[in-house]
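Each of the next two complexes has chain A plus one other chain: chain B in the first, chain C in the second.
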Partner chain A sequence: MKKTIFIDGMAVAFDGEKTVLQIARENGIYIPTLCYHPKLGPAGMCRVCVVEVDGMRALQTSCSLMATDGMRIQTASPGVIEARKMVVNLLLANGNHDCLSCEVNGDCELQDAAYHLGIERPAFLVEEQAERDTSAAFIMRDPNKCILCGRCIEGCNRMVVNEVLDFGLRGGHTKVICDADVPMGQSTCVQCGECVQLCPVGALIDKKGIGQARAWEVEKVRTTCPYCGVGCQLELHVKGDQIIRVTGIDGAQPNQGHLCVKGRYGYDFIYSDDRLTTPLIREADGFREATWDEALDLVADKFSQIIAESGPDAIAGVSCARSTNEDSYNMQKLMRGVIGTNNIDHCART
Partner chain B sequence: MREGNQENVESIIEKYPKKESAALPVMQLIQEENGNQLDAAGVEEAARALGMSKSRIYGIATYYTMFNTRPVGKYHLQVDTCVPGFLHGADEIVKHLEQTLGISVGETTADDLFTLSTVQDLASCATGPVIQVNDRYFENMTIEKTDELIEALRQGKEPDNDTSMTVVSECGILLNDRTQADCRTLDFYKRNGGYQALAKALSMQPADIVNEVKDAQIRGRGGAGFPAGAKWSFLPKDDPRPVYLICNADEGEPGTFKDRQIMEFNPHLVIEGIAISAYAIGAAQAFIYIRGEFTWIADILEAAIEAAKADGQLDHVDIIVHRGAGSYVCGEETALIESIEGKRGNPRSKPPFPANIGLYGCPTVVNNVETLASVPYIVRHGAETFKQIGIPNNYGPKIFGVSGHVNTPGVFEYPLGTPLKTILDAAGGVKGKMKGVIVGGLSVPILTAAEAEGLSLDYDSCQKAGTSLGSGGIIVVNDSVSIPELALRTIEFYHHESCGQCVPCREGSLVVESKLRALVEGRGTREDIDLVLQLCGTIRGLTLCPTGEAFSMPIQAMVTKFRPEFEALIQQ
Partner chain C sequence: MTNSFSEFEKAKLFFLIGTNMTEAHPVASYFVKRAVLKGATLIVADPRKHALARKADIFAQLKVGSDVAFLNGIMYVLITEDLYDKAFVEANCVDFDDLKAKVMEYPPERASEISGVPVETIREIARTMASIKPGMLCYTLGITEHTCGKNNVMSVANLQMLLGNMGVESGGVNPLRGQNNVQGACDMGALPGTYPGYQSVTNPESNAKFAEAWGVDSLPDKFGLMIPDMMAGLATGKVRGFYIFGENLANSEPNIAHVEHELASAEFIVCNDIFPTETTRFAHVILPSAAWCEDDGTYTNSERRVNRVRKIKDAPGQAKPNWWIFKEIARRMGQEWPSNSPQEIWDNEVSMLVPAYAGIKYARIEQDGLQWPCPSIDHPGTKFLHKDGKFARGQGLFKGIEWTPPAEVEDEEYPFVLSTGRRLFHYHTRTQTMRAGLDQILPEETADISPVDATRLDIADSETIKVSSRRGSVKVKARVTDQIPAGLVWMAFHFRDGNANWLTNNVFDPDTKTAEYKACAVKIEKIV
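The block that comes next holds the complex of A and B.
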């Protein structure tokens, strides 16, 4: 059954169980959010997505408010704007929100909210500084930019279940901790980078991309991760012919935006001078370049020769973890049906 | 795992419906057995025993104030400097200890004997100043008694605690005769009619008990004043999930120290109230969530539960005494539920409400100690008799705690609707000239002396007067007190206790504190005063739980009603 809510006087129809925020987004109405992420669901913590609802005394967080038929919502009443401005100003009041040099300038939800609310500079300041954590291989943590939305923690515990991040301390001292509050580089973190991808601001940064490009300079190229048979969907953020960073594609199968440390950060090999561009055949002390036909013929000849001399069981096949199930199936078919041996295994087992 | 711990840990875990609920007690045990410290090895030990991540254990350990992740001296001296303690002279005790021990707050003496800390509210408001030494309270402290205490501790002795204060019970329902040595025993309780209400209740239909409590119109004594019977009736009917009853004994509202009077001296009244209420709502498992600092009261309750069990009173319900670990916000019912589930005490967004999705996702009722302690009287004598006490819409007895500038602070059990003047007279009258009074715990707006004139202590009259009866913790402030300093002390408490989840509370309390501190220290401006008022006005109603309101309203009232005092602090 179609139901209707009225957003700023405009009738909007919707189906099923939805939050006010979901309906607003589906209809192109901007409501700022910071702690909400579609993948993680409502958290109700930042309070920046509040709206006014006819018949309700207090402002309501639209991320958690279920829409009911006939509900009347104001997204820009003076009370709503004042509350949102205060929330954003409070977040800007301490820390280090310097957009000029920030890696995520142009791709920051706090910046978007401030822009939307017309906040040019913080209304008041209470300076408190904490140290950056640069100890980890691929991720830099800057607590001065952290707004404690908890998205990284939810991602770490609920999505990838690495259980490294959590909130430590309390109140104004609250911070995101790794294990028992050790630097990330000394923790059990496997650097999957899920937290970086979920961070709405510049508190978690891919180290490899620092200083390489602004958000608007990169072109995003969708591709499939080359590392294993899972086939994770990812986006290469490319400037010129350089990869600046890699992100998983939210909502795409099979990985729903998650990546592992290799898929997200292990892309340097494509620039390696050692990378093979043609088959090489060993001759004397070195290698010489060859065509695929020549190389494959040579392999086939050698196999035939071995089988003739020592029988098919002198040959064994090991399938690679980077191959798909289908490739591995074909590999065993080749060994059993063509070579004539049961010597077939997989590198993950060895 | 250290030798011998394994067995204890397992027996703790076994007590709970879910393993993770054992987090706080297991961590408490590990800390206790490791010289009052939960170090990295302790965190790892707890994580392993509970099957939880290290970050989660460390997150819990640093959320609650009673876990020491850094080493402390053999005697951890913790002086309560929150508002009631401040009014009773706690700051002088701190200064004296700093001089005597040659250390500052937060430091440990070179011989590792003493660590000095200031803490926020130990619920000993009438018996302040109070020093908590490890887990023991020393109340009614003076400079001389502090010297004696330090000397005794140096010799490895622990002096007796002086708990003396005024206790008056006009109603005689909640407070018993604590001068009797056996006042907390089962015998004493039964001799005075105890457990007869439970026997009567068990012969009634549960629905009839709910109706009786509804008819009595008893309003929740925790602070919100919400009708307890109505709360019970929100539980879903014919639901296959288990129902839980939680007795909220987290008593942390500054100015409030009433629940401990019932639990410490009349524990069976609380247990009988829980037993009846659990039967009425169909709960086979009940919890008493008691604030962690009340270790000896938790022991008293556990002993009383054992005695009641042995007497066959608790065949229908199991009661677990669950000790908190130092957090004001855990007095909020959803934070309390999270805490029992072995998490940081962060309040949940409502809805859903606990009546539908509470502890372990099951229907749950959370009632205050004093509310549950009133249930036996209602069941035994009937709603109509209960309603003879108090005034319409505000029925029953209420324990008022009076602290601050009165001559004989203490607890006073009077009917709701008793004039404030009567209670203050019972507390020996105001010391000096009254400047203002906070009647419902620190979270409610202060009344000026003129506004408090003729006030009746009931929910409706207090609301009409622009404040709230809250928990009935009355804090009297005389004209020797600077209201800006009081305001700073107030916001320090909430900033310290904010759970840190939502922005308006976490960052708002920080900014308000910093601006009030600037004013008190003579660095403030007129704009700071306006900013404080503007923030308080916007924070109200914007936070995830009532804590935002709990500081924005009282601060707003102090600044608005005593603005000239704040303006006088601005350097021209």
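The block that comes next holds the complex of A and C.
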């Protein structure tokens, strides 16, 4: 049955069980969020998504407020804006949000909220600095930028279930900790990077991309991970020829946005100086560089000679379970249709 | 996989045997763990008490190579206690009597004696699986990499058919594939007996169809050689020319000393690769290839989903796409192939020649890929196979399976069992991950041993020890962990130094020719 709520006086119809935030988003109405993420569901922690509801005295967090038929919502009343400003000002004060040099400048949900609320600079003083945690191989943690939204903890415990991150200490000293508050590099963290992808600010950063590109300079290209047989869908953030970072694509099959350490951070082998860049032909004491014509003619001539002398079954080929379907197709076509043998296999069973 | 990853989170029961997803298929393990958080029952059977085993409701720590006996023991309970799905079996399967006759030789007491799993655990697994339906069975190489690998696979299929867990959502038999495109390489006919789409080379109709499509007079109509026989042929001279595309056989095949003797005997080896490897040392010609991100194309994942990969940059130097290299060799041997891009190869050849791909075209897989079978352009793809118990061959075929031990078992001289596999932080022979910073986390190989054996042999964690088999020996650091039961040594093949394949046994399943990477006999010695 269709139900209706009124957002800022506008009637909006909806079906089923939905939060006010979901309905607002579906209808293009901006409500800032920090702790809420569609993958994680309502958290009700940061209170930046508050709205005013007719008949309710206190402001309500729209991420956790279920819409009911006839509900009347104000998303931009003076009371709402004032409350949001207070939240964002306090978050800005509780750390060192230096947008100028931040990796996520332009791709930061706190920055978006501040911009939307017209906050030019924090209303309060910046507190003392905490040490960055650079101990892990691929992830840097900057507690000065952490807004304690809890997304990383939810992701670690409920999405990838690696169970490393948690809130530690209490009150004003609350912080995100790894295991029993050890540096990430000494913890049981396996560097899957789920927390980095969920972080709304610059508190969790992919180390490989630091200083490589601004968020608005990258082009995003969808591709498939080159490692195991799950076939995770990746979004490559590319600037020129360079991959700057890799993220999962929320909702995409089969991995629904999640990745592992190799899929997220194992990409830059393609830029290695060790790459083979020219055909090589063996000589008495090693290999010499050759042209494609020279190398391909040698292969074709040698195969033809072997076929003529010993028949096609004196040639065998092993295809590659890492390369594309199109490559394997062409290789078996070469072995069968040109050389004339079914001696074609790959590591199919191992 | 008969079923799909998207079904994991909704599953009510998992039976994981010979699969350590946490390390080999991490993202799949997330979905298992999430299902468990929501209340799914988890049964794990593995020689190692790995991370998922610790989360299991029932953990069967079976001995390496005892799978058939263990599974027969479970089926004995299902049959004798009348717990199996009689309706499914009667409607959809044949040769139940053959299965029953063999299974009756494996009462839980005997299954327990062979597998080391307590009788009560075997009974509990059977009763639990019978009471929670459907159940999803997943396996990886712990099942296949044995001299009885094919029998192991048939046993897990017997079990799931007996439980009626086939042809339903969140059920099925689900082998998680190791490489990104090992499913695709099989599908494309990089196998000695089948053209693309598993069309047999011995079937005259298939043969004629491909001959016509490829514009040749005839095609070979008998099975070709599998990898171990190809390599044996290098040493005897039966195989004179050997084309190795992107495989590092010198590190990945069992018994490295023997493998390198075979490669060194070869008259002519051609390698396509992106890096110099231990294998390209034996090449006569090395052809530099485009890598991931340097070419368009498709990979097919474990759940039969054809996904796009995309080019973002040119290959370095003169490196070329592999499909182009094969096409050029064909041209120089007298054949002009029409397709001139991965999309033309797929859309105009593969999807035209394979009925199960007829509906898969590049234009349809720009976003999420499609799962075969996808026989027409308006078909949505197939999430799970054998719907309503309809198997590809008609009826599901039961077969009674006899347990056989590994080819080499522990003895006085070599008192430990060595089993092998992959670790989270590297991939295979490390050609890629060593060049992507993963060495920071895992810089060298280890031999994983139990605390019991470490104490008994006075070996400390991280102490360098010597591990030897009848085929070779390596010096490697011990990693003492309670994942490992007494009597077992576990190693990977990521590093040249300390590579498990200096030790592994080059014996093979007689049908699949899969090597017994999971079982051989070794000794470990303290270095003084």
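Heads up, the rule we're going with is that the second predicted complex is superposed on the first by the 271 of 350 C-alpha atoms of A that agree within 3 Å, B and C clash if a C-alpha of one lies under 4 Å from a C-alpha of the other, contacts with A are read in each partner's own complex, and residues count from 1 in each chain.
Going forward, a residue touches a chain if its C-beta (ideal position, glycine included) is under 8 Å from a C-beta of that chain, and two chains touch if they have at least 3 such contacts.
Just so you know, these numbers come straight off a predicted model, no measurement behind them.
Of the two partner chains, neither chain B nor chain C is touched by A:Q129.
By the touch criterion defined above, A:S101 lies against neither chain B nor chain C after alignment on the C-alpha atoms of chain A. Once chain A of one complex is fitted onto chain A of the other, the partner contacts of A:A300 are limited to chain C, with no touch recorded for chain B.
Of the two partner chains placed around the shared chain by superposition, chain C is the only one that A:S323 touches, whereas chain B remains out of contact. Looking at the shared chain after the overlay, A:T224 reaches chain C, while chain B stays out of its contact range.
Which of chain B and chain C touches more residues of chain A: that partner is C. On chain A, the positions that touch chain B within their shared complex are 42, 44-48, 50, 57-59, 61, 64, 82-83, 86-87, 90-91, 93-94, 124, 126, 147-148, 150, 157, 163-174, 177-181, 188. Of all residues in chain A, only 137-138, 158-161, 190-192, 208, 221-233, 236, 238, 241, 243, 252-255, 258-263, 265-270, 272, 274-282, 287, 292, 295-300, 302-304, 306, 310, 312-350 touch chain C in the complex they form. Residue ranges of chain B in contact with chain A, taken from their complex: 40, 43-44, 53-59, 62-63, 327, 344, 349, 495-504, 506-511, 514-515, 531, 535, 538-539, 541-544.
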